[in-house]
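Right, I'll just put the structure down here and ask away after.
Chain nomenclature is as follows: A, B, C and D, assigned in order of appearance, with residue numbering initiated at 1 for each chain independently.
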Amino acid sequence: MNAVLSEPEAGKPSVPYMLAGRVSDEKTVVNISGGITIGGEDVCIIAGPCSIESRDQIMESAAHVKKAGATILRGGAFKPRTSPYAFQGMGVEGLKLLREAGDAFRMPIITEIMDSDDLAVIEEYSDIIQVGARNCQNFSLLRKLGRAKRPVLLKRGMMTTVVELLMSAEYVLAGGNRNVILCERGIRTFESETRNTLDISAVPVLQQKTHLPVIVDPSHAAGTWKLIHPLSLAAIAAGADGLMIEVHPDPDHALSDGMQSLKPERFSDLMIRMAQMARLMGRSIPGSC
Amino acid sequence: MNAVLSEPEAGKPSVPYMLAGRVSDEKTVVNISGGITIGGEDVCIIAGPCSIESRDQIMESAAHVKKAGATILRGGAFKPRTSPYAFQGMGVEGLKLLREAGDAFRMPIITEIMDSDDLAVIEEYSDIIQVGARNCQNFSLLRKLGRAKRPVLLKRGMMTTVVELLMSAEYVLAGGNRNVILCERGIRTFESETRNTLDISAVPVLQQKTHLPVIVDPSHAAGTWKLIHPLSLAAIAAGADGLMIEVHPDPDHALSDGMQSLKPERFSDLMIRMAQMARLMGRSIPGSC
Amino acid sequence: MNAVLSEPEAGKPSVPYMLAGRVSDEKTVVNISGGITIGGEDVCIIAGPCSIESRDQIMESAAHVKKAGATILRGGAFKPRTSPYAFQGMGVEGLKLLREAGDAFRMPIITEIMDSDDLAVIEEYSDIIQVGARNCQNFSLLRKLGRAKRPVLLKRGMMTTVVELLMSAEYVLAGGNRNVILCERGIRTFESETRNTLDISAVPVLQQKTHLPVIVDPSHAAGTWKLIHPLSLAAIAAGADGLMIEVHPDPDHALSDGMQSLKPERFSDLMIRMAQMARLMGRSIPGSC
Amino acid sequence: MNAVLSEPEAGKPSVPYMLAGRVSDEKTVVNISGGITIGGEDVCIIAGPCSIESRDQIMESAAHVKKAGATILRGGAFKPRTSPYAFQGMGVEGLKLLREAGDAFRMPIITEIMDSDDLAVIEEYSDIIQVGARNCQNFSLLRKLGRAKRPVLLKRGMMTTVVELLMSAEYVLAGGNRNVILCERGIRTFESETRNTLDISAVPVLQQKTHLPVIVDPSHAAGTWKLIHPLSLAAIAAGADGLMIEVHPDPDHALSDGMQSLKPERFSDLMIRMAQMARLMGRSIPGSC
């Protein structure tokens, strides 16, 4: 159980991330469900609120982002909060509401895992399992996700290097789960105008080092909705395989991350621009007009 | 379970870390076992190898550090490693060897928890439960440690601010476990001469903000044994309540962190100097001559 | 001379960078020469070698970048080098060669000032005066540039916040020189895959805070030519008013920064893509086809 | 002038900082004046106000710090300020007052140079020339200081690595001025509880790499007087050859850095403790009782 994992077979790249390392032009395309993929020609747009707050809120959010053209619905049920006194998420009840919303609008869903105790229920209800920035080097959790049946979206930690991120992905891959999506979401620096500093260079650096899909979360990087538009376009221009964007029907009253959530109408405008940008990059966003 | 924790009672400081915040001159003294305390007048010296590697290795390590004057024996059984292919620790078997060594040399022991699945066995065998830097914001684990029967030594993450560290401590305190020890172990910066940058100012800053004991781990901060001596003296001079130092009988052949481990004889020399330094600071190191 | 500068008139924004701060939708358009501007509708492309090395090298560089569609020719005559033993630039002789190349290919030129002793000669020969990242808070130099007759391109220091950059611009503006162009060129972080971390968010943040033009230098940010293509496209997508890109006819034998310099043919390819990107953003690159 | 400096002679260490590099146990002892040295057995205490504000203020400051046991008097005449509208220092007039105070209390003086235009007058009046953090990589200034007749105290930049600091020292040394003192004053990190993060490890790292004296400025690192006491003791414990501490007779009304300046009585208390600490480290502070 705590023994050394067996070494991968021969013919692998001579880097410490043998399974994550790129050996050819071939990229991994992760199949979600309903024909949706991440890492192929399409630019995948994941959108939705930071937290699931109520049935109405998640249904309304889903309706909006689906209509605007998003592919996958996001929503947090188990929330990692700096303070024990802050809203900690609706838990399993929220997860079920997210599933309901995903089904109602025919969108795959993604939610974050904080505790391996919740793995079974998240595996049952969610199409993708998200690992948050603070758990990027929670090796116990990663090892368990190596045996999970669902794709894993692994967020880079705020002070995780690109190579460490790949080593964390390696934990999941080495466990047998080959469906890993990487997510750049900003690193911690001295600059305080933004919540974190979006490391846009990490997108092409990762694309050169690994065959795994790479997406960008501009919401947590920026910490303010005012920067989501330019950062989203920049991410696609830099070669990202997708974006994860926080959208809330009423950001001013959101229980978490309201400041960085887009209003539905702004998200619709952004979708139009992102679709144009994707085309310029030789790609497409399927749901968009 | 995921509900908001109840707010603490009135009369608490008006900071978000209500239980960890300092309201008076009084400091928390954490009782370990056998009359040993952290946070009182004594400067507590925790020493031992990074990983438990064998019965001989941990017994020899314990003999050395005890003789030199260390108070508590450290040793990793479950190891957080960047690579899934690196030595992951001896697990429960190692933990039992650590207990045996602690008993043989009458020293309380401390080991790191990586997974809440191991909580029961660690609670059974270890006197202190260590939370590593990478789990500093693993809120699920922290909440569970709030119900643990053992004191918790919480290491600051490489990307964690002083206030965030206090908020993480608050998770444990709010759960009912009032025995929390904080540990500064270096933060991540641009400087690469050291593995991390020891934030020596965090010691007095924490002492001003919280009543909890604050210790320093110079080994992980420096990443090289050559700096342990000056950094240990500096930590006591800055007001630290203790030190956690990696000592290995044969650093060149250590399975982890050999570069930053002191040889026993160097540790003995350092103990003499630390005892002098403690006296200058109006404190003492009980085990030392 | 060392007296406090007089406070600017009323009606200015209530930020400490009163002259640099944005008060309306109006942006500053800096006129260079020959009808070329920075900050208007056009996306300005500055290109050329890191250092001027010989007459042949700068003439060949100029021919290439002009043909590919660059607007302004760059070349370092006075080079800030970490080591006193490294090539320090050709000095005034190099500056004259740069002027000759600019005239031959009808391109305005830009070169870096390191020492105010060189101000008169740089003012005489160069169309734009560049302040390097290491001099971003060299307040004596900035104050002297406030009296210079040429536009100033001010690079953000690797340790300079966005607000500090604006305060440095304020030194030049307060001295009477209203032609300041800001340049994001990467900040220093813990990540070592790139020479610096390009802070792409700084582009829209600056656009919101100031009326001054904002350009991006992907070469110094990345430190490797392999990332210039995606970062340049991302910069235009994020709203940059221009780019400064290092191009060398023979990067393998460059006297400085060869690793991060594009070969002429790669630059030509990039120009085509940048022109498409500029069009998508409702702008244009005049020299490009 | 911009030519490559000639390579140093054979027999030098194989590091890029050939003159600054340590080749033996021998350390450089910099002679100031009146028998005062930095880098020898004595721990040198430099104290005084951030800025010289008036004849009374600097005389009073000098009287206080001399009585408490400081060795050298500091005071800024030319002040690097983030804002062009902030107090910029008294200039030459202030420098003459500093000289007067130094003479009156028989203390050598140190002041900062911001502009090489002021080199002659600073050389005339000041015993030591200080280079501030923002000019740590102002290579033009450093090269000119290589020909100065006075010792140079070179502060580490906020984002300068230890090796870059040594390379900057190398500029001065290579110019012929062998009297260079290095000063750690905090680096810029994500932590905001302190103005900068004092890199205490830089003291022993520098001591291992160079023969030059290394001192610590806790005032600019901390940004608050409350941390000066523990940080000063820690610096001596870590092996620093001296300290530079801001002391002001009336911090609440200081024109700059009041928050981080010690009141005279607190400085006197600290001197007593520093003298005890120096003795523990096998050194002494001459002026102290």
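In this section, a residue touches a chain if its C-beta (ideal position, glycine included) is under 8 Å from a C-beta of that chain, and two chains touch if they have at least 3 such contacts.
As the structure is a prediction and not an experimental result, all values here were calculated from the model.
Novice: Leaving out chain C, what pieces does the complex fall into?
Specialist: Groups left after taking chain C out of consideration (others unmoved): just one piece.
Novice: Let me spell it out: compute each chain's centre from its C-alpha atoms, then which one is farthest from chain D's centre?
Specialist: Computed centres place A farthest from chain D.
Novice: Could you work out how far the Cα centre of chain B sits from that of chain D, in whole Å?
Specialist: Each chain reduced to its C-alpha mean, chain B and chain D end up 35 Å apart.
Novice: Taking the mean of the CA coordinates per chain, how far is chain A from chain D in Å?
Specialist: It comes to 48 Å between the two C-alpha centres.
Novice: How many angstrom lie between the CA centroids of chain A and chain B, rounded to a whole number?
Specialist: Measuring from centre to centre gives 34 Å for this pair.
Novice: Would you pick out the residues of chain A that each touch at least 2 other chains?
Specialist: 159, 188-190, 192
Novice: If each chain is a node and each touching pair an edge, is that a line, ring, star, complete or other?
Specialist: Its topology is that of a complete graph.
Novice: Under the definition above, what is the set of chain B residues touching chain C in their complex?
Specialist: Chain B reaches chain C through residues 188-190, 192.
Novice: Which of the residues in chain B come into contact with chain D in the complex?
Specialist: 159, 161-163, 187, 189-194, 197-205, 208, 221-222, 226-227, 230-231, 233-239, 276-277, 280
Novice: Quick one: in the complex, what on chain B touches chain A?
Specialist: These residues of chain B touch chain A: 1-5, 7, 16, 78, 80-91, 114-117, 134-135, 137-141, 143, 157-159, 164, 167, 170-171, 174-175, 188.
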